[in-house]
Each structure stands twice: as C-alpha cells, then as structure tokens.
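The structure's right below; bear with me while I get my questions together.
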Amino acid sequence: MSALLEVDGLKKRFGGNEAVSGVSFDVHPGECVVVAGDNGAGKSTVIKMISGVYTPTAGEVRFKGEKLTGKSPEAVRAAGLETIYQDLALADNLDPGLNLYLGREKMRRVMGIPVLDRKTMRNDAAAVMKSLGIALPDPSAAVREMSGGQRQAIAIARAIHWKAQLVIMDEPTAALGVPEQREVMALIERLKTQDVGIILISHNLPDIFAAADRIVVLARGRVAGTRMPSETSDEEIVRLMMGASD
Amino acid sequence: MSALLEVDGLKKRFGGNEAVSGVSFDVHPGECVVVAGDNGAGKSTVIKMISGVYTPTAGEVRFKGEKLTGKSPEAVRAAGLETIYQDLALADNLDPGLNLYLGREKMRRVMGIPVLDRKTMRNDAAAVMKSLGIALPDPSAAVREMSGGQRQAIAIARAIHWKAQLVIMDEPTAALGVPEQREVMALIERLKTQDVGIILISHNLPDIFAAADRIVVLARGRVAGTRMPSETSDEEIVRLMMGASD
Amino acid sequence: QDKSSDAQSAKVPKNVQITLIPGLTTDPFYITMNRGAQLAAKALGITVNFQGAEEFDPVLQTPVLDAVIARHPDAILIAPTDTTQLVDPLKRASDAGIPVVTLDTYIGDGKYQDGSGDGDFPLSYIASDNELGGRVAARAMAKRIGDKGKVYVAHLRPGVSTMDQREKGFKEELKQNHPNIEVLPTQYNDNDASRAASQFQAVLARNPDIKGVFGANLFSAIGAANGVAAANKSDDVTVIGFDAPPSIVNDIKSGKIDATIAQHPAEIGYYGVMTAYAILAGQSVPTKIGTGFTVLDSDNVTDDAVQKFIYSE
Amino acid sequence: MANTNGASVLKPLLNAWSWLFLAIILIFFEIYAQTEVGATFLFRVYSIQAILTAASQILLLALGLTLVVVAGHIDLSIAFSSGFAAVVMALVIRLGGMDSGFLIFLAGLAAGIGAGAIVGLVNGWLIAHINVPSFIGTLGTYGIARGAALIVAGGAVVSIQNDSARVFGNGTVAGVPLPAIIAGVLALFCHYVLTHTKFGVHTYALGASRASVERAGVDVKRHLMILFVLSAVTAAAGGLVYTGRFSAGAANAGEPILLYAVAAVFIGGASLTGGQGTIIGTVIGSLIIAVIQFGLVFSGLPPYWQFIAVGLVIIVAVVVDQSRDRFSGSQT
Amino acid sequence: MANTNGASVLKPLLNAWSWLFLAIILIFFEIYAQTEVGATFLFRVYSIQAILTAASQILLLALGLTLVVVAGHIDLSIAFSSGFAAVVMALVIRLGGMDSGFLIFLAGLAAGIGAGAIVGLVNGWLIAHINVPSFIGTLGTYGIARGAALIVAGGAVVSIQNDSARVFGNGTVAGVPLPAIIAGVLALFCHYVLTHTKFGVHTYALGASRASVERAGVDVKRHLMILFVLSAVTAAAGGLVYTGRFSAGAANAGEPILLYAVAAVFIGGASLTGGQGTIIGTVIGSLIIAVIQFGLVFSGLPPYWQFIAVGLVIIVAVVVDQSRDRFSGSQT
C-alpha cells in the first residue's frame, strides 16, 4: 500500500530559532503514527506545517502523491485532512453545534429561504459529545462557558465528525477525564479499521504504546529515531526524547 | 494540627445551571488533597471560588480561620495562596520573566530612578523553568510564541516561585512531557515536606494515587465521596466519578 | 527671502505668488471666493495658491498658515478662523515680511494700522460684515413673518466665529427693532443637514406656532428647509438661509427656502487679490473694504442681475 | 480588553432590555410633553416621521459597520464612502440634465453604489491582503474617499433637480418615510446575513478568534473583502438617501454622522474586541440616538445642556444593557 | 481580531523602520523643495519649530491615549477634556484681571489640570466600577465635557491676555518651542511609565488578558482609574498649551485633532485589541502626521489632493511597519 501522507524534510525557522529541521515520515492508510517528543521539541510546529497553518521554511508535504505544501488550511481540510489543534482553535462565542459545523454549516429552508439549522447542529453536537462520554448541561451556551475537558471534546468532535482520510491529533486527551480518554483511544482503533490514517501526539506513554503502529520521536526539532512499539520500550523512547540519537 | 483551609458548603450557579453544590473539605499544612472528577464535574469552579475569581452563590472559604470568601484574587494571593489555573492566565504578549513576576515585579535603580529589572526576572524565569526540566530557546520572546508545555511550565513556575502556604494546581501536568511530569510530582512531594498545603486536580490516576493524602471525588458538582488513597482503588474512584455516591 | 523686496523696489511686481487661506477648503463660500481670486490673478498675470484646512478651526488653520509662511509667498490672504486666536500666528507672517490681508472677517479689534491693539499689523480686510449679514437676515425674516412670532437660529457648532457673528447680529437686530419676535434657543447640528431637519421638527412639535428659522450656513439652511417641507409647513414657516450656493438657490426656486443672504465671496476674493497686488506695487490701500449683501428670494432669484451672486459649487 | 460577556451572542432574540430603555425614554418625553407643554410628543405623524428619518440616516451608516465590528474590525471610511457615493450619484444625475427623469436617477443610484463598492474593495484589499490594521487602513481610505469626492465634485456640493431623487429621499409609503423603508429593508437583510447564514456565523467566529475560522477552512481574506464592501455599500446607500433628501450630493454628507453611527453599533451591544453585536441592537441604538436628539430639542433644554444630556443618556443606555447581563447571572 | 503580531512588544528598542520612514518623508520633501521651489524645506528654524509645535499639539492628546489603547481601551473624551481644561484655565486667569501675572497663570494651569482630572475620574469610574465599555463611557463624557466647557465658558471661547500664558504657548528655549518641550517631557514620563514601571507591565498585560492581571493580584479597577486620569490629564495639558498659544481657551480646542491623535497612536503600532503600542511609536506617528501636513501645504499640492496624499501616507507608514515584522520572521 502506498503512503497516504509523505512528510519530506520539513524545516521551520522562527526568527533565529530553528524549531523544526529535516523532519520526514510517512503515514499509511489505517496506520497510527505517534509523534512523541519533549516539550518544545517541535511536534505542534510539524503538524501545523502539515495542516497549512504554517508555511515550511523548507521541505514538502504530499497527500496521496499530491503536493500539499503552500496550501491554505481550507484547501488542506478540503483535501481530506482533519486536525485537532493543541490550542483547540474554537470560536469561544459560538455554541458547540456551530463549532462542530464551523465552515460546513447545515442549512434548512424557511419559506424557501435558506437559514442556519442551529437546532440540528446543536443536537448533533450533543450526540457526538455523548459518544465521547461528555454531557453538556446547556448545549446552547457559548463554548467559553464550558469546562476544559468539554472544550477539548468539542475540538475532537469537530475533527471526527467528518469523513476524513487522515486525522491529526495534537494531545487530544490532555484535558479529558479517565473514561473519556478511554473513549478516544477506542475511537482511534475504530478509525484505523476504517483505513483512516492517524497522526497522534501524546505525552502519555501507555497511550502511545497502545495506539501506535509506529513511533517517531522528535528531539530539538529533529527526528531522534523511529521505532515500532513492539521493538522498543518506555525507557528507550524517553531516552530518545531526551536527545540520545540513533 | 488545625486546618489550613476550610471549604464549607460552596455552591455556584451559572444562570440555570448549578455547577457546584454543597462542596466541603479541609486542607491541612503539608497535606495534598486531590480533587478528582469527570469533565464538567465542577473542579475548576471550586478552585476559582477559593482563589477569588468567582464569588460563591453560597458557602464559605476560610484560610487559617479567617474568612476568604468575597475577597478579590489579589487579596487571596496576598494571604498566601497561589493558584495554577487550568487556562494558565498568562499575559501572552509578555516574556516568561514578566509573567513569572507579574504583580510582584523586581525593580532596580538606574541613577536613582527605579526601573524594571527585566534581565534578572528573565534569568530567574529561565532558572525556574530549568528546574522543571524545560529549556527556553529565547527567554525574551513573548509567551504566545511558546509551545503548550512551555506555557504550562511558566504558569507552574509562577505559582511555586513564591513562598505560598497553599498551592492550588488545576491539571498542572496536562501539557507536560514525561520527564517534566515527574519533576512536578517530585515538586509536590518537596512542597509537602515544607508544610505547604496542596490542592491538586488531575485526571491521571497513577499521579492521583502517588500524590494524594486524601482524594475528594466530585460528580455533577457534589462530593461523591472522600477516600484515603491507601483504602481505595482505581476502580472505586472511577465509579465515584461516574456518579455512584456513598 | 528677497523676492518681496525686489518686488517692492520694482513697483511692477513680477512672478507674484499669493496664497489664499480660506476658513475651510470645502465650503462653497470659500470655493467661490477662490474663484474670484483666480479671476483677479488671471487679469494680473500672477499666481494665487489656495491652501487651507478641512475644518473651520484655529488649531487646524495654524499649521497650514505656518507651512505657507515657510514657503514665503509674496502676500497672504486669509479668512481667519478666530478674531483673537489667529493674532499670534499671523504676527509670524507679518514678522517674516509677508503682507497680510484678512478676508471675510478681521482679527483683533478690526481696526488695522491705527497703532493700537494686538491685531494691528494686517494691511487691510475685505469682508461683508457677518454681523451685519445677520442683521440683514433678521430684517428679511421680520418682514416675511409680519414682525411677530417665534424664530430660532440653526447653527453648525459653537465656536465657528463667522457663524457666531451672524447669530449675534440676527439676535440683536430682532431684540432692538423687532421686539415682538421671540427668539428660541439656537440649535447646533454639527454641520449635519439631517440633524438640522429633525431639530426643526422637534422645535415645531414643541412650538406649533413657530414662524421662522434662520439657517446660518448651507447645511443648516437646507436641513431646516427639509424639515419644514417634511412637516408640510412651507407656507407657514419662513426659512432664511445664508450664502447662495446653487442648492440654496434651488430651494428658493422650489419654495422651500424663502430668502437667503448672499455675501459676495467672489468679490471678496477678487478685491483681496487686487489689494494685495496694490500693496506689492507699493500703493497704499484702504484698511477696510466692505462688500455688500444681496438678498435673494423668489422674486429676484431668476433675474439676470443677481446671477453673478450665486456661488459656484 | 478580554471582555467576557456571558450571554450567548447568537441568540436571535430581541433584546428586551434595550427596547425597554427606548420605551422608557419615549414615555419620559411623552409625560414631560403632556404635563409641561400640554402637547403630545410622539403621537403626531410628523414627529414619528422625523425621528424615523433621522434614525435611518444613522442606521444606514451603522448597518454594514455592525458586521465589521462583530468581526473585530472597524471601518472609519464610511464617513466618506457615503459622501463619495452621494457626489457620484449627483454628478451622474446632472449629466442627464437638470430636470431629468427616472432612468437617469436609477443610473445615479447604480453609480453611487458602485462608487461605494470601490472604496469597500480598497479597504478589503488593504486589510485582507496587505494585512493593514483596519483602523489605519480605513482611516487611509477615509482621506482618499474624501479627496476623491471633493475632486470629483469640483467642490463640496453637487446640487441636482430630479423628482425621482426627491421622492426617493422625501417620499412616504403609507405614512412611513422612504428612507426608513430603505434602511429597514437593508437592516432586515443584514440581520438575515448575520444570524441566519454561514457568512454571519463566520463573522462572529472571526471576531472571537481568527484562527478558529481559518483552521475551520474558511477563506478569511474573501470574507473580509465581502465585509468591507458590504459596509461601504450600506454607507453609500446612506449617501444616496441624503442626496435625495436634500437634492444635493455633499462630499461631507456622512462625516458628522460617523460618530453617531459608531455609537449606535456600540450602544447596540457590540464591543471593540469583536465577537458580539446584533443588527437589532444597532437599530435600537440608532433609534435611541434619534429619539434623544429629537426629544431634547423638543424639551427646550438649552443647547449646551443638550450635549451633556446626550452623553448621559448614551451611558445610561449601556448601563441598562449591562444590568441585564448581571441579572442573567454571568460574571467573570 | 485576534491579531497575533510576533514581535515582542516590550522591547524598548527604537523602532528603526518608522524612524526611517519619517526620514524618507523628510528627504522627499527636502529634495522637492530644493529642486522645485529653490528653497530648503527643513533646514530652517522656523519650519522645524512649526512642525514641532503642530506635532506637540497632536502628541499631547495622544500620550495618555497610548496607554489606554495598550490596555485594550479607548478614550474619546480627550477631544473635550482638552477643551474643558483650556476653558477653565482661561477663566481662572480672567478672574485675575485681563493683564495678570505669573501666579494667576499658575493657578490657571492647576485649575485646568484639575478640570481634566475630573473628566478622567468620571471615565475611570464608569469603566472600572460600572463596567461600561470604554468606547461608550468616554463617548458619554465627550458630550458631558463638551457641554460643561461651553457652559462654563458661556460660549465657545474665553480670550485672555496674560504674558506668562503667551510665553507658555509660544516661547522657545534654545530655539525649541516650549510646547514641544512640554510634550517631550510628558512623552519621556509616559515612556518611562510604560516601559520601566510595574504600572506599564500591567498595562500591557491588561491589553492581552484581563484575567492574567487580575489573577496575578493586581487591582485592575484602580489601574483603570489611573489610566483614564492620565489620559485626561495629558489631553488637558494639550488644552493648556492651546490656551497659551492662542491666548484663548476654546471649548473645541481638542476636537479637530482627536482623529489625528488616535491615528498617531495606531500609526505608532498600537492595535484595537490592545496589548501593543509604544510611546516612541506614538511620537513618530505624531511627527509623521505633522510633517506630511506641513510638507503637503508647503509643496502647494491642491487641498483636495492633500486628503488623498495624507490617506496614502498613513497606509504606507503602517505597511512599512508591517514589513519589518515580516522580515523578522514571525507569522501566523
């Protein structure tokens, strides 16, 4: 099977600081690649270059053979990649339904005039949230009034609600409760069986080993090593994170 | 030893939604009380009522016997309580040094005129961060340019840099890497030996059991149960979180 | 600069550059004044530059004046935005050896070259006295409303000196010679015709027997006239305007405005340039040249004789 | 300021408190009128017409601006896109001769709207593509549109005589002034856009966080272009109404109204930081301003005191709006 | 808009690009003057003095405003706190007789500053304690101060004859106009406050996130009070200089320059959303505005074209500033 996503020599420089240098890896359909690394290693920067938020200083991203680099976030999303950002990127003043559908809102017709179908969107949001184990006391409240975990769940819901071919998750369970974390891990398994490619960023070693088909470890912006979970150990991964390279 | 902090019948209502009802617990010096609970259980709301961000709808908080309820965040902080907020509450446009010292800036004199001592503050920030295992590529950059974990480390640094008698931590390790998480756990142990009281909120069961002297489980805004870690189990805690009450 | 001394010795000044600084650049009154000035300039073969601020205000006019002084024209014609506040800034022009002639209004006590007062240095002023214009408006009003009833002044903004003078003249004339006319409080519209219209309607709601409005500038007049028309009161309420741009003239023709006091800005501009040229040629000039007013109303507005008093836009 | 207003912004409810406040002002003036003046304040056709017409003139400048402010931007250039449109319309009508008819009037309307749209396009281009902050970008086009209007007019005012234009600005339908109908229809349209379309949701989201909209796959640059064109076009409509009312296209038509238009948007609940505001709020804001201006003149309060009274009422209008939020229980 | 400007705001560096832009404008006008006019534009004491004085008048209104904008607020009332102070000063001086001396002049200064401070206190109270949005609160006091100034003055202008006042507004020290020295000293003070004191740090933090400052234990209400008093007092100083320059306290002293003052702050790098802006930037902004206004009149460009030119220069000034950010590599 050919690669779904090819990341090739990505590099990103912020002012004088080279946050990411020469990062390359592939993701195949149905595969979960975990990108691990210490704080500030460059993980979020890599995924923002993939999803179109940052333009790489050098390097290229290809999706199903087509060049993705230089495309805008909307083009990347349209191509079939969904991303859960670490900072969530929610619109704080909108309700969960509108956040779920942001950019792809559902419409209905009232006397022939198209209007937003707020109610359906809200109900859908409540349903998706429920499937993640989260109940919303007031689904019509703005997400700024939601708890940390509720907000994260909305961001997750937004990414998985669409039939994406690749889902990128930047620390998706950081704010979630124990049962919700388990739901997300189960979800990743489900997506894999549906041939969806996944890039997961996580600091949780058990989760990493449970989900990963391959682990790419970043240290100071470089790939310190790539491992199969069956052929490595917690200690080795942590050692690679700390900068020990192959 | 008498209680350092007494939380007595706290209640908070947002519009029609009662987020917290009748929550009571004590914290003694040198004790770490973990407040556990599912997403949206009301944990952050409780600690915001303690730290003065929210005024409780009912109930009272006493610190060393004195009433804290109704005081402003500055008064609470002045009384000797430091808080790490889940949303960090950083000033994004300032550097880590200024964030560390925000409200208590260091001054020096130039030709008799008091001016901010930015350099010392910056160096102090870098030092505290280093003790948490985090290196900053550019300590003079605004914190908006920092990674998720770096930002969280600044918020932690800010709370522990001052000699507080009680430190409240709302999911302090959510965005941290593995070694940094271990640093924070060690830090909590250190604070305990210095007779500092601690309220910790966490979703990580191993961490909860490692740090807690007492576990207060919230479910839907109420105390579902209080347990000693030695007398309970993962399963029981999760069961309490899910709403099974005593 | 020696240009001006050259000019003075030669008696027939050459390459003369005069700058005309209006109260503001966007008012038909000053645009017409400039047109008159350009006519004179063409006749004399000299250049008149037009430079001014966007609002009628000393703090905006002064920097313009300063920059003009730096350019050192042979003479400055200025419509000062305040009688006292422009004294010091204009002194700088005079000190720099630039002859100053004021248009439209005076500075200081209005008596130039008599050796007394702060604002004594300008050589001449050419104006239709705004206060007198207000009096003329008052008489026109009194005549049309039968010497009794309620009237008020629609004004743009307190502190616009020429309008304050018109208001003063209007009120004093009524007080002295038409005691049966009651003057209601002045209404300020910030130069918004829409507000002037709604203000008239509010005054009308309060005073159903209102007899007249004096719209002391273009937008005050057309605004008030619009309010009168909207309330269907054109037959009962007299609207007197000030100045004679085509929009006011059109309103006179259509009966919305009853009469307007046309100043003669083209004349002011024309004589201003001529006076400055005479000064540069070493001739003595009168310290005060008055230009008149023409009352335009439906009776004379189509007469050929008054067409020249209609402003350009 | 990181203003955290708890109330959900998107609830397309009428803002009962603001209506109430407007009603209180009206009742206050009516009682005053009945007792002190022995006349009615409000129940007179031409008073209502006058207030509606004045409010329309403010509202037309404030409509598109509301969307711009909800998106977290500002548009100062409406002060002169309005005048530019007015002048262009008047010139086109003049081209057709002084006593021209309906078709040339329509051509004038179209030209005026087109002139406004050009200013909007320039704004949108500067802000969306060159990343100029909207305050500065639109302050720049404020100057440019002002100069352009004056140059095109060859002066400040272009007077016209066209009966269609006159009716457009002064006519009534069933007693309702045409300017109010025009403003009302445009307000309905803008309300529809803001609360019932994708474009409206994205406008709110943009005001809360540009990243949220960009990453959701919305073309933010295009969105901004449309916003600023909309703002310029509604302001242009204000200029056209003005031309019709006064039979004169004035370059300065919108300038004195700018501050009141911005005030109406903010009285209506919008905030400098974006993300909130409604068309209904702006409509009420415009009405409040028009009513107090009318009412204060009516009350015979001395003019200088009117400045103070207007200031006070504006503040009170917002304090009333605030207390609603307080009652509904949200706080920081 | 969630504008993420990458450059660290607190670096107390001179903004080299903006100085460069100012220099380019000056050089441009100088070359024009030398070649077209055959005179120097800049190298004449008189011109420099005139530009400095004009810039000072703008700067005095813009100084305190800069801090307010950095904190994420706005202050429109400076337009009239300035005039209110001017009128009060002139009245006090008048009380001492028309040809009064130095002491009464000092009393006038004190009274004027006090008058400004009162407006500032009202603003601060409204915004800090009643939670009125600053745009509306200060628009309200704009009207109130306007009315108060006109009522106190019993008209628009109170003229005085006081030699100390005249020197205060028109004198020079070593060739530098006193207004420029006053504005310079206040600018230094504000720069010190903004970059070297706790108050300044909290002001920046407040603009980024009110929660960050509140939870850090800063009394935000007190902070806002001080900010608005500072803004009103520097604006009042502008009014006092005006009274000295023109020997007249005018109620409208500040109104026509409000827009320029706000423009100077934004040209200087501030943003509507708060958290950025510097005093140095505002100083450059004021100078740029004064220079182009002077230069365009000097160049003899017809007035209507000047509106366009000013608009263009304002936009270009900011685009230049933007490109600096781009070179330093930050982006969203």
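Here the chain labels run A, B, C, D and E in written order, and each chain numbers its own residues starting at 1.
The rule we apply is simple: a contact is a pair of C-beta atoms (placed from the backbone, for glycine too) under 8 Å apart; a residue touches a chain by one contact, two chains touch by 3 or more.
This one's a predicted model, so the numbers in the text were calculated from it and none came from an experiment.
Colleague: Mind listing the chains that sit against chain B and also against chain D?
Modeller: A, E
Colleague: Pick same or different for copies chain A and chain B, depending on whether their interface residues overlap by over half.
Modeller: Chain A vs chain B: same; shared/all numbers exceeds half.
Colleague: Can you give the whole-Å distance between the Cα centres of chain B and chain E?
Modeller: 42
Colleague: When the C-alpha atoms of chain A and chain C are each averaged to a single point, how far apart are the two points in Å?
Modeller: Those two chain centres are 70 Å apart.
Colleague: Between chain C and chain E, what's the gap in Å when you average each chain's C-alpha atoms?
Modeller: The separation of the two C-alpha centroids amounts to 32 Å.
Colleague: Enumerate the residues of chain A that touch no fewer than two other chains.
Modeller: 14-15, 53, 87, 145
Colleague: Identify all positions of chain E at which a residue touches two or more other chains, and write them in rising order.
Modeller: In chain E, 6, 150, 207-209, 211, 214, 304, 307, 330, 332 touch at least two other chains.
Colleague: Which parts of chain C, given as residue numbers and ranges, touch two or more other chains?
Modeller: 25, 54, 158
Colleague: Which of the residues in chain C come into contact with chain D in the complex?
Modeller: Interface residues on chain C, with respect to chain D: 25-28, 31, 54, 158, 184-195, 197-199, 201-206, 208, 218-219, 222-223, 226-227, 229-232, 245-247, 250-251, 312-313.
Colleague: Per the contact definition, I'd like the list of chain D residues that touch chain E in the complex.
Modeller: Per the stated touch rule, the residues are 1-3, 71-74, 126, 130-137, 139-144, 146-148, 150-151, 206-211, 259, 262-263, 266-267, 271-274, 304-312, 314-315, 317-319, 322, 332.
Colleague: So in the complex, which bits of chain C are touching chain E?
Modeller: 1, 25, 49-52, 54-55, 57-60, 62-64, 66-72, 82, 84-89, 92, 96, 157-159, 161, 164
Colleague: Mind pulling up the chain E residues that touch chain B in the complex?
Modeller: Counting only chain E, the residues touching chain B are 4, 6, 8-11, 192, 195-198, 200-202, 204-205, 207-209, 211-219, 275-276, 330.
Colleague: Please give the residue numbers of chain B that touch chain E in the complex, ascending.
Modeller: 51, 53, 72-74, 77-78, 83, 85, 87, 89-95, 98-99, 102-105, 107, 113-116, 118, 140-142, 144-145, 158
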